Amino acid sequence: MSRIDGRTPNQLRPVTIERGWSKHAEGSVLVSFGDTKVLCTASVTEGVPRWRKGSGEGWVTAEYAMLPRATNTRGDRESVKGRIGGRTHEISRLIGRSLRAVIDYKALGENTIVLDCDVLQADGGTRTAAITGAYIALADAVAWAQGKKIVKPGRKPLTGTVAAVSVGIVAGVPLLDLRYEEDVRADTDMNVVCTGDGRFVEVQGTAEAEPFARAELDSLLDLAQTGCAELAGLQREALGIALER
Amino acid sequence: MSRIDGRTPNQLRPVTIERGWSKHAEGSVLVSFGDTKVLCTASVTEGVPRWRKGSGEGWVTAEYAMLPRATNTRGDRESVKGRIGGRTHEISRLIGRSLRAVIDYKALGENTIVLDCDVLQADGGTRTAAITGAYIALADAVAWAQGKKIVKPGRKPLTGTVAAVSVGIVAGVPLLDLRYEEDVRADTDMNVVCTGDGRFVEVQGTAEAEPFARAELDSLLDLAQTGCAELAGLQREALGIALER
Amino acid sequence: MSRIDGRTPNQLRPVTIERGWSKHAEGSVLVSFGDTKVLCTASVTEGVPRWRKGSGEGWVTAEYAMLPRATNTRGDRESVKGRIGGRTHEISRLIGRSLRAVIDYKALGENTIVLDCDVLQADGGTRTAAITGAYIALADAVAWAQGKKIVKPGRKPLTGTVAAVSVGIVAGVPLLDLRYEEDVRADTDMNVVCTGDGRFVEVQGTAEAEPFARAELDSLLDLAQTGCAELAGLQREALGIALER
Amino acid sequence: MSRIDGRTPNQLRPVTIERGWSKHAEGSVLVSFGDTKVLCTASVTEGVPRWRKGSGEGWVTAEYAMLPRATNTRGDRESVKGRIGGRTHEISRLIGRSLRAVIDYKALGENTIVLDCDVLQADGGTRTAAITGAYIALADAVAWAQGKKIVKPGRKPLTGTVAAVSVGIVAGVPLLDLRYEEDVRADTDMNVVCTGDGRFVEVQGTAEAEPFARAELDSLLDLAQTGCAELAGLQREALGIALER
Amino acid sequence: MSRIDGRTPNQLRPVTIERGWSKHAEGSVLVSFGDTKVLCTASVTEGVPRWRKGSGEGWVTAEYAMLPRATNTRGDRESVKGRIGGRTHEISRLIGRSLRAVIDYKALGENTIVLDCDVLQADGGTRTAAITGAYIALADAVAWAQGKKIVKPGRKPLTGTVAAVSVGIVAGVPLLDLRYEEDVRADTDMNVVCTGDGRFVEVQGTAEAEPFARAELDSLLDLAQTGCAELAGLQREALGIALER
Amino acid sequence: MSRIDGRTPNQLRPVTIERGWSKHAEGSVLVSFGDTKVLCTASVTEGVPRWRKGSGEGWVTAEYAMLPRATNTRGDRESVKGRIGGRTHEISRLIGRSLRAVIDYKALGENTIVLDCDVLQADGGTRTAAITGAYIALADAVAWAQGKKIVKPGRKPLTGTVAAVSVGIVAGVPLLDLRYEEDVRADTDMNVVCTGDGRFVEVQGTAEAEPFARAELDSLLDLAQTGCAELAGLQREALGIALER
């Protein structure tokens, strides 16, 4: 069986990570997983939300959104509707938790970093591209804060790297990094977030049509771990290149 | 190591399923997992949402909410705040997907069933209790619709049973069906939804503190499958008792 | 003429008052007036709203809501609609005023008690059941606050008891404590809130069809005073029983 | 005891009713009860809300609001806050019910009349001035609809007149038509809506400080009936003068 | 060509300015431009919004709204819709900017003046009438604040006068101060705000049908300057008359 | 005097127009005016809003928004705040009016085109860049609709071209196409929208500090006409290049 774009089942789409995309943000990345393009910016502010004041600890949070015509048919703006939908809430929370998994709050000190992940074009895997790109923006923002001494000298707020990928079973075959057309046809759909050392931060699997057996679940987890490891390599490579701005 | 309430690591809390709790709803259950109490009602209406009209297929959806003082400290009402929070959205969507996994839309015909899961008292595991109880309310509502010929004779809208349980790793030990105090202390927290035949509908695992290794994930999945199987037995037992109203 | 449930015109429905229903709230009551069931919880917090700070006086407020399927046909959730309806607002305000009528703010000190009245099942008289039950929850919360020394020793924040009942004229006959089916057929509908010593806190009478004459109003007030006196007796009885939790 | 403005306890403030205030509305009145000034407009539209279509019956509804600086200190606009407060909801509903009490829906036919009551200046009794003025605007709108044959010839949608007044007990003395300063000092505050034939449409009495005894309630009802009768006379007089526009 | 109301192209409608309309507000004006009537109130409060605290400077802001039946057909209330429309936002901002153009923030000191402009009846030019009237209310409020020593002695917060007028091209002819029927037929519509010394504060021109040439723009600006100068004269006259309240 | 980026007073920033940026939208452009970058997409749908049905005429509308970190400091998302701000409303309306000025609704037929203008990076002139870029996206969408026969053969919905530029007076000198730092220092700020034939669609001038004299206004209009003419040339050039996607 060959995939619509000719990939093998365990092959990622071409991934690009464009650092320093924005002149304003402390960290910014335009990440693409094939035709999925997400602009991730990291904004550093001194101070923390009220409930965390005086703790000596920092905070990291994320907001995800799609431009109205990121998709094949135009969606109404949530700002116009006056309320955020369940899917947006869910993904924003997922991204926030994923990035907090590699943050040492004490080392960050009472500073806040907000990750904004705005999908400019969608073709499946927007949340996994967002997490993978936001990590780079976060790393750049942390480096910026260290350079500005907002983070105290010697402190290392980042405890590791984090990346994410989608996997799914389409026509009985487990596939890595689904495009939109594959996602629609998947019986099971799973998003997996891993740290660079191969451990899990989030596992979210859903039976879209038929419930799935333990053996299927195991094969999807295997595939996701491979994909996340490959993405972690690309992240290391991207961060190795000096950022010019 | 013994748990705060003396349970063994793989032991559920006492589960009660009180069918026919409400005189108005087509199906209603007051379910308890220990001190967690959720009132689940199923409302049948003829017709489907606009986007599904003319398809010949039905629809099942769910809404989850907590009473303000279901928890240890009072939470503001979402109706007063004028917006639904991310957590509420996320759980409502999870319950809906879980129940739709055992529905044959064609057999249901163009009818809608809404499951309302209102947490009257919370002590951990509110979403898993909600799914487990809502299944019973759904089964009763389907039976009611069959009795009223709203569902056509011979059609079987329910394709199986579904139940859910939480698992987590506390102080290095995988535990089944966490109470609130255990949940707070868990390094990893996972909610698993299974059908009565032991397959998975949803797997949602989150690293609360440290990322978790594949072996830990595997042990949690084992534990959850056992717990769901036991809940499926309790569901069968509850439905075996004739409902008097 | 006999009523649908065989009661005489001046007879209350069976009333049950289940104290200590919730393990979390400082006061909690599941009250029923026939098939109307309302869960009332009282939450004590130290401190008062901003506009009252430094006054040395406390505050008591109430919020009323219905579960979506408390009624015969499912109502949309106000949290989902994003706004609270006029009826909800009106009843919440009525309950708050009714309970504040028996509170000595000075004796309460700068503490706040919030009464949440959630209708689990509705069959007419939900607001009057809510007031009658919330009084018990309030009394228990005040006792708790006295026990915790949050209320200063020797202070008595409660100055009396308060209960409420509905009355109405159906087919020319004044009836006490209307069920939903009676309420729908009533020409005049009145809710009356009285203190235990027989004085009035609130009188809200509405002509549903025909305007009503002074004589009719007088007979309704007579009936309501009798009903409230009987409810006050039941409240005293309920509070006489030691609360076990 | 003399009142702040020299009135006797059972004396109304000067009442003015200026018909035909607006060039656009089908009925419009600028009503004043002393310094309280309310602009009441009646808007006729053919057709009824969806839930009433095909019934052959009309509908009458009302909306009440205050300009931000109608009061002594400026209030925030409800449009800016994005939600209508409980007090506004409550009064809008009261006005609507009061006017519907004198409407024959069948005679009105499938037409809707909306009464807008906007308080331009407030000095107590805004809701009672609104009802009293809105009745005149309603009567003019009905006459307009009869003239345009929107109401069928020979049909009389108005079955009577309706007016409202506030009463209260201040320093032990029952007073008619309270100004703001009296209202603030009142122990008991009651709004009463009567038809022109002296029957009651609404009775809403509230103990502001002390609960009130039956004898006090009776004296307030006496006073209110007198006041409403006087207002009914002023309404008849206002409608007797031909409307020039 | 003669205009619907017999005016010459460069003639204003009759303008009335009724100062001291409200007994509560520090400044208040009922302004009319023909049948357009706007109630403008100015509310003075000590203190400034948070972002301006400690600056030693004051703030002036404005809110514009229409009563639902100010227009020929009833509009829904923005408070009921739960959101403010774009047009309302736009005009409120325009009025605020226009008045701030003649304010010396330092001389005002840390005080805030809010201008509320509520359209009671609309017949074109509501925003220009609002600005012209609000200026008078502002001047009265400033005088009040000077009298109360809220503004320091010797300080002059007002640096000039400001007025506004609409102009437009109807059937090829530039017209001053459009009525609603003219506005609807205009190819080009412009609102111009000028200070009393003939300079511009705001110029907002819009091609309603055909784009307009520079020569047309120039003729409209000429007309607007004439109109504003005439309004400035009426404002001076109105302020010359001692305010009796 | 030299400008911060070395431009002459009447020089535009470098303008880039990248057509066909999105694979989903019927027309899409990434436009930049210096560091200001706006993604403009045009979405074609058959049918028109309800109020226009049966007219035989089409509709064009626009929505403008900024990504949270498009600016130097992060702004809160309007979707999270639950309401759209006045500035957003105002600019969305301006863009819509500007593009409708070159649309022949009859020729478009009952089709709707929505222009989404999302600012990815802001450095002054976001609304003028948005209009200039949206015109190209609109032209591409119209061509697409003609190709698909959604627009009837022979019909030409576009009647001309439209572009926009900002002008302002900084330190006494009229400048074309202000960057953010210039905009902040401007005494007068004007946005001008012109058609390709040099006529005006919108003129919006605001005195930020001092009111401006007629002579200043005239010089700004001259400058803006020059700038718009140059942009019209760039638009023609961009559309001359065949679109590859």
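Letters are used for the chains, namely A, B, C, D, E and F, taken in the order the chains are written, and counting of residues starts over at 1 for each.
Here, a residue touches a chain if its C-beta (ideal position, glycine included) is under 8 Å from a C-beta of that chain, and two chains touch if they have at least 3 such contacts.
All values derive from a computational prediction rather than experimental measurement.
Trainee: Could you tell me which chains make contact with subunit B and subunit D both?
Mentor: Both subunit B and subunit D are touched by C, going by the contact rule given at the top.
Trainee: Give the pair among A-B, E-F or D-E whose set of contact pairs overlaps with that of B-C by over half, matching residues by number.
Mentor: Checked against B-C: the matching pair is D-E.
Trainee: Report the chain whose CA-based centre is farthest from the CA-based centre of subunit A.
Mentor: Looking at centroid distances, D is the chain farthest away.
Trainee: Determine how many degrees of rotation, between 0 and 180 and to the nearest 5, align the Cα atoms of subunit A with the equivalent atoms in subunit E.
Mentor: 120
Trainee: In whole angstrom, what separates the CA-based centres of subunit C and subunit D?
Mentor: Spacing between the chain centres: roughly 29 Å.
Trainee: When the C-alpha atoms of subunit C and subunit E are each averaged to a single point, how far apart are the two points in Å?
Mentor: 51
Trainee: How far is the middle of subunit C from the middle of subunit F, if each middle is the mean of its Cα atoms, in Å?
Mentor: Going by mean C-alpha positions, subunit C sits 59 Å from subunit F.
Trainee: Where does subunit A touch two or more other chains at once, residue-wise?
Mentor: 82-84
Trainee: So how do the chains connect up here, line, ring, star, complete, or something else (other)?
Mentor: Contact pattern: a closed ring, each chain touching exactly two others.
Trainee: Once the touching pairs are worked out, the chains link into a ring; list them from subunit E, going toward subunit F first.
Mentor: E, F, A, B, C, D
Trainee: Which of the residues in subunit C end up touching subunit B in this complex?
Mentor: Per the touch definition, subunit C meets subunit B at residues 22-25, 28, 35, 39, 41, 43, 45, 63, 65, 67-74, 77-84, 88, 114, 116, 118, 120-123.
Trainee: Inside the complex, what are the residues of subunit F that reach subunit E?
Mentor: Counting only subunit F, the residues touching subunit E are 83-87, 89-90, 92-93, 97, 101, 160, 190, 194-195, 197-207, 210-214, 217, 221, 225.
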